[in-house]
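Chain lettering (A, B, C and D) follows the sequence in which the chains are written, and residue indices restart at 1 in each chain.
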């Protein structure tokens, strides 16, 4: 196995935890990839902020209906049983706690569960979309992310230095190296790559990793 | 995912003493009579669930529906806007005897509080009740030179809802003005239990026409020829 | 002409002021009668709190559909172009100021525009319905009422003694003797029965009647 | 009552300098391109209306729709959640040059503020933005042990809306996900102007299927073969 997971492999790992019969919002970009790896036999109903519940795969190229898109403005199709609704009802589903899982990307995650994923600071055009609602909107908030930044800096921190998206909201983090649950404001290791020692993992993680019993191996298929 | 329950009794079997139960309907329009009567039957047989707080626009009429719940003695408190009806005895007698509680809420505030409960809005401001008895003890604030009263969300443990069409994913439509509070209550309750006149195939309701998306629904029982409270009362009276 | 108007005549008079193309909510009971007297050729769209816009007359006895009722729980019919919606949307129409006129009954009206119409005080079962929302919900709030109580006490007061429905909300009052606009917290007389002197009218009105120019005659047909 | 306007130019002729204009749509889905372009044409011809505050989820893409408004110089400020797109130059260039204002609002809060504007709710509390930069200066309150941020309603002088079906009383349906913000905006604006793909006879839309009741609509123009922003952009790019 490689020294770190690809994004597809991180998405695959997160997808294995999607509960059967759950309502899930997958954030724009990387998190959307999770839908591809949903285990066979599980029924998951996807929500998109712009007012569609129970959408399916992308249509073939050339067959898009551009009135039928997801929050990332990508063309989608509908499953049988899909529903349309307006934006206030859509965010009632989010804010009202009706989603089981929302999955987002991250710049930084703090051991307190704080998330920074919308702004890299001054100098560019700020854009927040639905992220600040989604982090308060689901029973579980998952993050999928590379374990470190492109420059090799830790993303799992004692506290975030970038502008926050939400306070104390993240419940689980799937990284390119490990899976953590945030419990009592600590990163509790659930799984790590078997090729990596705990010390090696800690070395690229600013926050202290808590280990309760032996962590399981993070095993994913080649994709 | 299949939210269809074969029987009424199963669908309501875990409603517990002391729960808050929202019941759809405005007068007889939209009242889920079969679900209510199944709950009354359970209470009469087992003594549970009692001590309920019931949320509805009204407080029962004649001896049917919510009035039957009150007569059975399973309701501790009503949250409603208009506890009057053509025959309000079930509630009135107990209220005047101090045997049942009442939280009186203006109809629009009741609707908005339930909507807020489902939408994750813990509090909001409304002009309704400002300067009246019903605002006593509530925070007041001024916005753009006008005074408003702060109201809290209203949530429930269970909602009992009457729908027209349903599918196995819980998508619902309603019939005419029977819609009223039901879509709001479906979203504001932890467990939403629906009696639908017809269960259709998944995809059998046009996605543009679904009023309550299935995310707000937990259980559906088909009741193909539902009773109508108003019709029952008129039949009783004649 | 009789010494005072009947309820039907009060309703008739109010109906003459319904603007063409207006959205109107008629309160339960007496105000509902106004719909019968809408002048020919004017289109008025009626709203009922329980989620119907643009309803028509009552159906023939025996042809009622009890899922299709108004706020008074009376059976109604639909006009072409009617719409159904849920209670929160219905009161969004009310509270959001989308109605042109709401008409209510009254126990008491103060010159400040305060209205008391929901409670006669302790000892009975209180019931408020939609009245406290409706008084804040329309561009104009009309009251239709007998000029005095059944015991002959004034209903148009300096200030209300019964529990209030709303503060400073009433814009026009149609009574069995006269029509008043409430302007700058005063009852400004618009019309009075020609058979009645101003002094006679003032004698049954606790609040001071303001006269700007000669009031018009309140003329209504026999009904 | 006949809300049908024969021409686009008439329908938008009284939009004035400095007004707040809500524009339906999420990206290209639901964007009322013909109404927007009529407004741009009017501005280019007459210099009015300029200095507009535009409310939309986004801030334009390519050179079409809201981006065309920005390029024409008629927009003073955007209120939106996501001023990015595949080609955001129109907004980005002016924003970085300090030539256009931005009020950034989280998407759910934007929807709820607009909904509150239409529903007469001057303020409400939401968990979104608590503890973040976007909550700075806003009142915070705790309910049931959790912290929330107070947000104000958002209203507009005008809403420009794209609908699927309309009748002369202004009843509307939408097409698929093109519904998004439009029903909320229709209720939150003083004057709501609609382009509908088809005007049907009164009663031609089932009362159960109407999404926006006519009470929220002032003017309707039929645009039988409306342009779709995303399709236009893709055609332009290829």
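Simple rule for what comes next: a residue touches a chain if its C-beta (ideal position, glycine included) is under 8 Å from a C-beta of that chain, and two chains touch if they have at least 3 such contacts.
A quick note: this is a predicted structure, and the numbers were derived from the prediction, not measured.
For the pairs A-D and A-B, the larger set of C-beta contacts lies at A-D.
Chain A and chain D have Cα centroids separated by 30 Å.
Mean C-alpha position of chain B lies 34 Å from that of chain D.
In terms of their C-alpha centroids, the spacing between chain A and chain C amounts to 56 Å. Multi-chain contact residues of chain D, defined as those touching 2 or more other chains: 112, 115, 119-121, 126-127, 174, 176, 207-208.
Shown for chain C are the residues in touch with two or more other chains, namely 84-85, 88, 91, 94-95, 136-137. Taken as a graph of touching chains, this assembly has some other topology, since it is neither a line, a ring, a star nor fully connected.
Contacting chain pairs in the structure are A-B, A-D, B-C, B-D, C-D. Interface residues of chain A facing chain B in the complex, by the touch rule stated above, are 20-21, 23, 43, 45, 47, 53-54, 78-85, 88-89, 91-99, 136-137. Across the complex, chain D meets chain B through its residues 112, 116, 119-127, 141, 143-144, 146, 148, 152, 173-174, 176, 207-209.
Partner chain D is touched in their complex by these residues of chain A: 48-52, 65-69, 73, 84-88, 90-91, 94-95, 114, 119, 125-134, 136-137, 163-167. The part of chain D that touches chain C in the complex is made up of residues 1, 115, 117-121, 167-169, 171, 187, 201-203, 207-208, 210, 213-216. Put simply, chain B touches chain C in their complex at residues 26-30, 57, 81-86, 88, 91-92, 95-96, 102, 104-112, 114-115, 126-134, 174-184, 211, 228-231.
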